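Here's a structure for you.
Order of writing sets the chain letters: A, B, C and D. Residues in each chain are counted from 1.
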Amino acid sequence: MSEPFDQGVQVLRQQIDAGISAYFSSCVHCGLCAEACLFYTETDNPRYTPIHKLEPMKKLWRREHTFWGKLGALLGLSEPLTEADFSEWETLVYDSCTLCGRCSMVCPVGNDITDMIRKQREGFSAAGYAPEGMKEATRRALEIGSPMGVTYATLKAALAHVEKDTGLNVPVDRQGADYMTLFSSMEVVNFPEYIAAITRIFHAAGVSWTISSEAFEATNSGIQIGNKDAAAELVNRVVTAAEKLGVKSVISPECGHAYMAIRWEGPNLIDRAYPFEVVHILELLDQLKAEGRLRLASKENTPMTLHDPCQIVRRGGVIQPPRELLNSVAEHFIEMKDHGVMNWCCGGGGGVSANERAEPLRLQAFNRKKQQLDESGVDTMVTACANCRIILEEGIEHNEMDTAVISLTELIADHLLEGGKEN
Amino acid sequence: MIGQFIDGPLWTFSLTVFLIGVVWRIAAILMAGKRPDLATPKGSAGAGALRAVFSRFLPERTVTTQGRLPLIAGYLFHLGLFALLFFAQPHIDFIAEKITGLSWPAMPHWAFIVAAEFAFAGLILLWLHRILHPVTRLLSDLDDHIGAVLVFLVMLTGCLALAQAFEPLRLIHLLSAELLLIYFPFSKLMHAFTFVMSRSYTGATMGRKGVNA
Amino acid sequence: MARMKFYCDPERCIECNACVTACKNENEVPWGVNRRRVVTINDGEEGERSLSVACMHCSDAPCATVCPVDCFYTTQDGVVLHDKDICIGCGYCFYACPFGAPQFPEDGAFATRGKMDKCTFCAGGPEADNSSDEQRKYGSNRLAEGKLPLCAEMCSTKALLAGDADTIADIYRKRIINRSASVMARGVSYRDASFRAPYSAAGKSSAKE
Amino acid sequence: MIRPKILQFDDGDGRSAGWLLLLLILYSLPLDTIAKEPISKDLPAAAVLNPAAELWRDVRQRDQPTTGSTQVRGVDSGVLINAYGDQWRKFRMQQLIPVGGYALMGIVIALAVFYLMRGKVPIEGSESDKKLPRYSTYERMIHWFMASIFLFLAITGLILLFGRPVLIPMLGKEAFSILASACKEGHNLIGPLFLFALILVFSQFVRRNIYQKGDLNWLLKGGGIVGKKHVSSNFFNMGEKTMFWMLVFVGAVIVISGLVLVFPLFGQGREWMELAHVGHAIGALLMIGVIIGHIYIGTIGMQGAIEGMKTGYCDLNWAKEHHDLWAGRAEERGEALSNEEVAQLTHNHPLPSSLGVRTQEAGK
């Protein structure tokens, strides 16, 4: 037995709290969660049943928290958690779960299966059983500051472009601003339009904002891989920077899991409440619109549908703002069949997008989204998550579909009424 | 001889095991503790918990479209069992005599039997689903089967003793119920109590986030 | 060894239901159970006759033949009794009995009938004579006390006779002899008095047992 | 039949010889069960004219209304003579129990003889490496639901029917009575579920069980029992279809008669109950016989036959041999899956190797 393995078991053991105990005690193996999981519905492979992905943790729980398990351990009858369990379950835990939270919504006894998998990942990563891609991303995040290796230099270059394009000043490290804005590396690298969009919107709405040169990365690979220490370190950077700049609020970017990480997990990771509040960009936009500071002009005539990013909507609670915003710029907003908190995941959340070996399975799982899109009959899909965007575009390309994916923030910026005249 | 044992000491023993076991299990779960959530809540945790406890009695739409029969069977079984456990005249009499001394109005005999039919159909279908559907087949362990078999035995012996005229049949029913009570706290059957906790924990988490779970 | 029988004389029965009441009272039968009943044919019309019917204590009782648990037995007195501890309440005896003697305390859904109950000729059941168990399950055991069934004892017109077949046949024989005479005199036979005509006891006018 | 007492009763008046004969007939009429009883030694014969004989006879011959009025409330309380009770008794005791019992035994013996002669029908092409999906989980669920209900009802029913001649000598009356009560209550309670199962099975399988063109050919060739050649058939063959329709129609008779018997609260009298019992018993015995055959084929009679109902998938070669028309179409549609794929989809835990070997040997 190797040392990381023992450590993994130890970490896993620490994860078992009242919630996990209640969840395992309640699960009656009814299998309904399978129907909620796109990895099961698209493959029909029973191994992808959400609760089955938790067998290793359940094994530990049974052995150490139940009568029969303890008795079996005492008599040497029950098999302990082995390294083989970790290696066998690694793909189930990382490749076939996007932590989308859909299973947690349907479980009849109310188990938060997603939370369980999130916790199980702690043990797996401590034991060293995590996909290379995610390990690398976490390493880069800790060492370089971003899972994709984006440094402030990269951002600075992108900001320079934005300033040139918009003719507006992007405030960096401005003390005492109201809002400190975070980005996901994906936005910096793939969608700098997003930066331009918020620059214009904030300018038009007169928002006092800034970017920290020390902490601009919002994503948190530590959470995805399940490494509490790494996750806490990444959160700490943001908190320190925000406190240093003395901002009132931190804006989470569109990126879904960044919001979940900084808004909901962050304070618990660093063990203290924030002295500032965290808002999602869509929440802020919705608020600006309500206050009349965000004025929009004209509406799109193309029918549009909304892909709800799991971590923003189902696991984040930002449900109405995207709808309000989209309705204000789209004439024909058509909801997909399963939408809002029951929307289907793009297939790339929870670190799956950073996991190369998961790609074939991920593309298979995309069939669910394809089917949803086909049913809605809409060719323009609006979303609010850079990661979803990338995954959706990949899926669309793979299936040779004719669907455009656009960012909601960028769409809003396109319809901004700037200085009284339409842009 | 055996009858007296089943009626007396074994009953007391099984009821004690059941009560202590259930309390112990619930206490063990509660004592494991849960760290307080430090994130500023968007909604009320309490309201979310309360909502989840009740809202999960109704299925999500996605589940209803894909697995109707197990869902219907689940309702048949649970509602039927609940009704006949607490509203059948013999059970009310038994509870009044042996446990609480309280009694309440019973449902008519025919309703008792209809409830039993529902419960039987539900349990048989659920168990068949368990062994026939690839997912549940993969998930199920010995505990699930023992639990199902014990509940089935209690129901079957109860149904066989329906005439309420043969003492041995009543004793077999009582014995199987006692076995079930003894097994209960050590098994998955605990979900009858812990589901409230599971739903509350999840509901509270989601409630804080402002999501109706 | 006696052989117990009921005879009911439709010529005498006045449908007073005293036998029914006596039976119910003596045996404390539950509601819904009628070990004995009086049936009237052509009520209010010409040829009206009433009969008090209960278990006939048949020699080769059909109920006993069809019983799936074999709970019937015939006593040495020729009384057909059954063991309620063995009866499962299936109702087959009721289907087979020509007279509708077997009764059930319930007739609820799902064939919940309870244990069959029927006339015991006031002879109780398999339990010890006049034990409380016997009393509770089957009613009184008058036979063990040397008494005849109360229904017949109560019959005001003596239409209902109970007792050893030989004895009551004798009584009835005498009665019919007398009646033939009255039939001859008054022509009030139930249906076809003429077939009794050849009897030679003409002239007597009052029946005497 | 000698009735000495009657002669004693006769006062010797010569004129009454014909009259006595008439009395004898009269006495015999109302209750032939009594009349037929040979007089046993310990019971003195009650050879006397029943005072009500004339009335009883009239009622029985329907010269008079069979139903009178009475103060006693209850089903059939006004009926003096249970018109078909005796016929029902004779049917039950002289036909149903002996004939039914021997018939069931005969079926079992016939199948045993057939098995000894013919052995297990193997998959001629031996098991292939491909499988066809045959029954969905839902279909298998309702099949086994029906099967478990049917078996429970059949066993409890048979115990009630044959218990007295077969089990009472073994168990004694007291023990058997407990068993019988349990069977009766169980049978009555579970019985209505058979209707539920029947509806589920009917609606799911009816379309595939409609008779088709090739079915007559199948029948003419005896379903392949005569001779060794397999007869062409669709998803279900003629035999299976016939069993299905028997299940539906005979099952309906069983259900309806069962409901008449189990709900004695709609005022149905004994005549209805007796009739229902006859229909119920004949129908049930018939179906039990058919199902014994069905179980035989599914278990020891044919290799690969039960696979579809167990796992949902059947061997491709088996399908081609027994349901060639369907198998051909299914294969064309590309439904065939490799054994590995099926193993992944079903996650069937393989049998312990010793068992697996044995079943394979039996198949060869």
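General observations
The definition used in the following text is that a residue touches a chain if its C-beta (ideal position, glycine included) is under 8 Å from a C-beta of that chain, and two chains touch if they have at least 3 such contacts.
Note that the structure is a prediction, hence the values are computed from the model and not measured.
Here B is the chain whose Cα centre lies closest to the centre of all protein Cα atoms. Counted by C-beta pairs in contact, the busier of C-D and A-D is C-D. With centres set at the average Cα position, the gap from chain A to chain C is 88 Å.
We define each chain's centre as the mean of its Cα atoms; on that basis chain C and chain D are separated by 38 Å. Here the CA centre of chain A is 62 Å from the CA centre of chain D. Centre-to-centre separation between chain A and chain B, using Cα means, comes to 37 Å.
Shared interface positions of chain C, defined as residues touching 2 or more other chains, are 88-89, 108-110, 112.
Shared interface positions of chain B, i.e. residues touching 2 or more other chains, are given as 113, 133-134, 137-138, 162-163, 165.
Chain contacts: chain D has residues 177, 181, 184, 188-189, 345, 347 touching two or more partner chains.
Chain pairs that touch one another: A-B, A-D, B-C, B-D, C-D. Of all the residues in chain C, the ones that touch chain B in their complex are 88-89, 108-110, 112, 114-115. Against chain A, the residues of chain B that register as touching in their complex are 25, 28-35, 37-40, 42-43, 52-53, 56, 59-63, 66-67, 70-71, 74, 130, 133-141, 143-144, 185-186, 188, 190-191, 194-195, 197-203, 205, 209-213.
Listed in rising order, the residues of chain D touching chain C in the complex are 9, 13, 15-16, 19, 22, 31, 33-34, 36-37, 40, 42-52, 54-55, 58-59, 64-65, 68-72, 74-82, 85-86, 88-89, 92-93, 160-161, 163-164, 168, 173-174, 176-177, 180-181, 184, 188-189, 261-265, 270, 273-274, 277. On the side of chain C, the complex with chain D involves touching residues 1-3, 5, 7-11, 17, 20, 32, 34, 37-43, 47, 49-51, 53, 56, 58-62, 65-71, 76, 78, 83, 85-92, 94-100, 103, 107-113, 161, 164-166, 168-170, 172-173, 175-176, 190-191, 195, 198-200.
Touching chain B in their complex are the following residues of chain D: 137-138, 140-142, 144-145, 148-149, 177-178, 181-186, 188-190, 192-193, 196, 312, 345-348.
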